[in-house]
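In what comes next, chain A is part of two complexes: it sits with chain B in the first one and with chain C in the second one.
Coming up: the complex of A and B.
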């Protein structure tokens, strides 16, 4: 936590905390956890409950972090939903079907993600079409290619891959039979992206890009290159989740991943990122992801009708958007002491 | 040329977009420590002229000279590198960023080493706050405050202080007072005078004659893409300038028409004609 640098000493006060972008999300997280802790009882509070929601949070969280960066920069990425199956199918075909070294398969899968990201970034920066439409287009395109090539090459929509023990250990183990190793990857992604957004100078560029693209360009920020890099990062992260799933379940499916489209955006919005861009935080996105995963899994421990979970997530999303606007207004009003 | 040669000059600049001529044979000069007021009604070509000066558009023909040398501004960055800073009506800043962060966008101060260089928030805030306070805006004393929380005048001042801090020699102010109240506008005009005192050349674009007369040394009136009048401080009265901007139709005639109508219609003003 950076210290207050001037004579103002309110850095740790409640009022200051309340103006941070993730303040609303934190309240939501506490409420949601308390609710399901009461409804779900000891099992949900114990290791089974934690592993259950952390495993979900890790996968969607790795995608939500770069999608959140894009949203802070004022763009969307829908294509993550088909990059996940595309990368795992590519890796499974290279290393499982053709039997080539596993590292080659992983590299090919991640390469697919980077390539889709590059194409997205190029289209977004070279045309005036909204990124929502462009990435819906690439989402369907990649989905079609994945299905087409899987059937053409492997003759099936599902390809098996048995990873070697080391790869399995690093990318697809359940620690203690419960906690997926992906949780650690999520923490690593969060740490790196936290540094990039909040401490590296490039983080300032991302905020500027979402705040006012023209002013950012006039200030000398390479806006096109930055946008392309952000899309490549989200493509890479989605591909990485595809690889994690492949190593965990040892089977690539062409139809996984669609749920990640809405789920990643919801995690980001519940985490306090403002839809018009220019504001947000990595801690907020992590909190939003945890909240989403707790509702998603808590519902099974609570004995409630699973459909109630969807209703809660929908309500949370609306509450988040409303409170994001409220917190933004509060932050803008904040003025220094009079006199 | 004397020691007071123009920093920036336009020589016979024309600009057309396809078949449409927007600017016609523009000749203008601005010197260090001088405020050139560019006056004109909406659609007179002021915005296009600014875009040419700030590197957004290229002139179709004619030259731009800096310090007597012919120059080109292929990009906004090129113009900025040569010391031309443009401040737009709303300050062109980022409402949800802190004062320190927005002040240093693109040129962030860093501390640390190699790939672990981090944004130096403390240094950025200190420099930004000092730069703004040097312009007399003492109300800004916390660099963590969001830009969106500042008043319109403070935002303009922040943008001008930023331009000066990064070595601007020519300051282009695009309608800086248009959206402001009386007090805020006075605030900005003081800042313009301060910039002039520091030896900057200022191009002040406005359609408010009062504001122009308060700070201007030199005036140019644009009508339908051409310089209709070019005169120095004190050479014309406010009424004459307003008449020029209205395109020759004198304000006095308009007022006489309205008064005549009111006299014959029990003091009611004429209905709008459209």
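Coming up: the complex of A and C.
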């Protein structure tokens, strides 16, 4: 029944499981969770512990998913770090400072993300500059514009917005007083991007793009348009996280968001995506994000020095890359044996 | 002829004396960018004190940098500009001692009365030979928060340090713990990893986890206004609203609303308006009348904002003074 060419089939053999790209990440997740479950005790295993790391995972996860797609396609996006404050500041100025309808503010915030993504995509496809450098450039540019316009228009580096109850409920509430609604948005993003990468034809194009860009173009894939769309998606997702934070904390600041740059890349790499592109999976990115969040939050339940958390994340990152290589070697061995 | 000469000389002397008294004191104030929200309040305080100086025929001139990219050298240049423009007195912050101390030494060498304000502390004033220091002290700001919560009957405190290693943040937290201890409580520091800085969700979740693991904590201190909002969110998510009480550094509209609503106990303000007002007043009175303030180290903060005075603070915000 399971065809060996079908990537989506779930077979119940150890060999097949080990060949999946997220196998190594899953082992990491289980080990990390077990470690903190023992250290953190009942509170960490219960609902307070779950909501604690899920709230963290949701926000970084929404950014990590499209950043992961870009990395599978062989590109990086550093600009997400300043799109988050830019979108929330835009929404807060439009709806909070000028008092215009909240939908307009949200649209303007998301529009900023799409626009930055479009510029990134255009620069990456039209020039031969590496995307790392281009998006570092746009990150600083957007950061400067955000600070400049915030001070120029609102006269302050922090702007407030009190959302109406419906907007607050959809974008910034805590269910049961602890589970942030962002968790459901993360699930929605993951579901859509899972479909795009693993079921829609465009998914194969993304893998092809990261595998070999020139061959992909020769095969008739519209590589430039696809790259631009991927950057717009990551700009949109970062802007969306900015809006979620604005609705939750009702306060936009120009200095927020920088931590998302490295955190999102780490989640993607721990999830088994290879930096050079061409390989990875949405399930892996979700697992990597969960692992990252469990370490980040578990540390506060464990009573260990918080700096130990950073050490563990660093070690996990290296372990993930090493085990990915190991699992890939294993996968290649298995498939050659099968012929 | 002789009479005429005497008359002319007398007239001249009268004119000179009259000019001297009409001139009053030319005071130069070096400060931050005028569009910086904090510095706009310092500037307003300096201008209000300047109204007295103007009534006496003097003036107050604000010198601020265009941006903060090259703060030390730019501010040192502004100090030298003030000397060149014939200042009778100078007020300045000692932000970057390495770059600015030589310029301040030139002020003192020229015999111009100097007051250090906002940054540097009484140590800088003593080192440079300035008349006084006007400003807040980080340690005492934290101390005020700890003392406030301790006196309200809270026993176990935690200071949320989102920037481990920064000297002023360590001073806030040490002050908080000492202030709480003085009122009979004990304090600790919740240190966040560097990956959490500037991320409200990370701060809120760290606070929440810490409270769940340490259920006896009933008091918290946050080092900035955004961190305070995140800390309150973490307390609410831990189901501890009403049983864990928060004080935080600085304030904004949402913090004043929280104090009114009772979800925040107090905010600590370094009261920038006072820094501008008193620094200029001290120098104006000294230049015109030779009167001095023998108290060394004029503290403008901490000012504690709580439910008892929040309405007054809101009125002050509307006037641009807070």
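Brief remarks on what is shown
Operating definition for what follows: the second predicted complex is superposed on the first by the 324 of 339 C-alpha atoms of A that agree within 3 Å, B and C clash if a C-alpha of one lies under 4 Å from a C-alpha of the other, contacts with A are read in each partner's own complex, and residues count from 1 in each chain.
Rule of thumb we're sticking to: contacts are C-beta pairs under 8 Å (C-beta built on N, C-alpha and C of every residue); 3 or more make two chains touch, one makes a residue touch a chain.
Only a predicted model underlies this, so the values are computations on that prediction, with no experimental measurement involved.
Overlay on chain A: chain B and chain C fit together in the combined arrangement. With both structures placed on the common chain, the touch criterion links A:156 to chain C but leaves chain B unconnected. Of the two partner chains placed by superposition, A:125 touches none, neither chain B nor chain C. Between chain B and chain C, C touches the greater number of residues of chain A. Contacts of A:173 after superposition on the shared chain: neither chain B nor chain C is touched. In the superposition on chain A, A:307 makes contact with chain C only, while chain B stays out of contact range. Judged by the touch definition given at the top, the superposed model places A:257 against chain C, while chain B stays out of reach.
Once you line the two complexes up on chain A, you'll see the smallest CA to CA distance from chain B to chain C is 33 Å.
Once the two complexes are overlaid on chain A, none of the chain A residues touched by chain B in the first is touched by chain C in the second.
Only residues 40, 43, 48-49, 51-53, 55-56, 59, 151, 155-158, 160, 174, 177-178, 180, 245, 248-251, 253, 255-260, 262-263, 296-297, 299-301, 303, 305-307, 309-310, 313 of chain A touch chain C when the two sit together in their complex. For chain C in complex with chain A, the touching residues are 35, 37, 191-202, 204-206, 208-210, 212-213, 225-226, 229-230, 233, 236-239, 252-254. Per the touch definition, chain B reaches chain A in the complex via residues 54, 76-77, 80, 86, 92-97, 101-102, 104-108, 110, 117-119, 121-122, 125-126, 139-143, 145-146, 148-149. Partner chain B is touched in their complex by these residues of chain A: 2, 5-6, 8, 195, 199-201, 203-205, 207-208, 211-212, 214-221, 274, 278-279, 328, 331-336.
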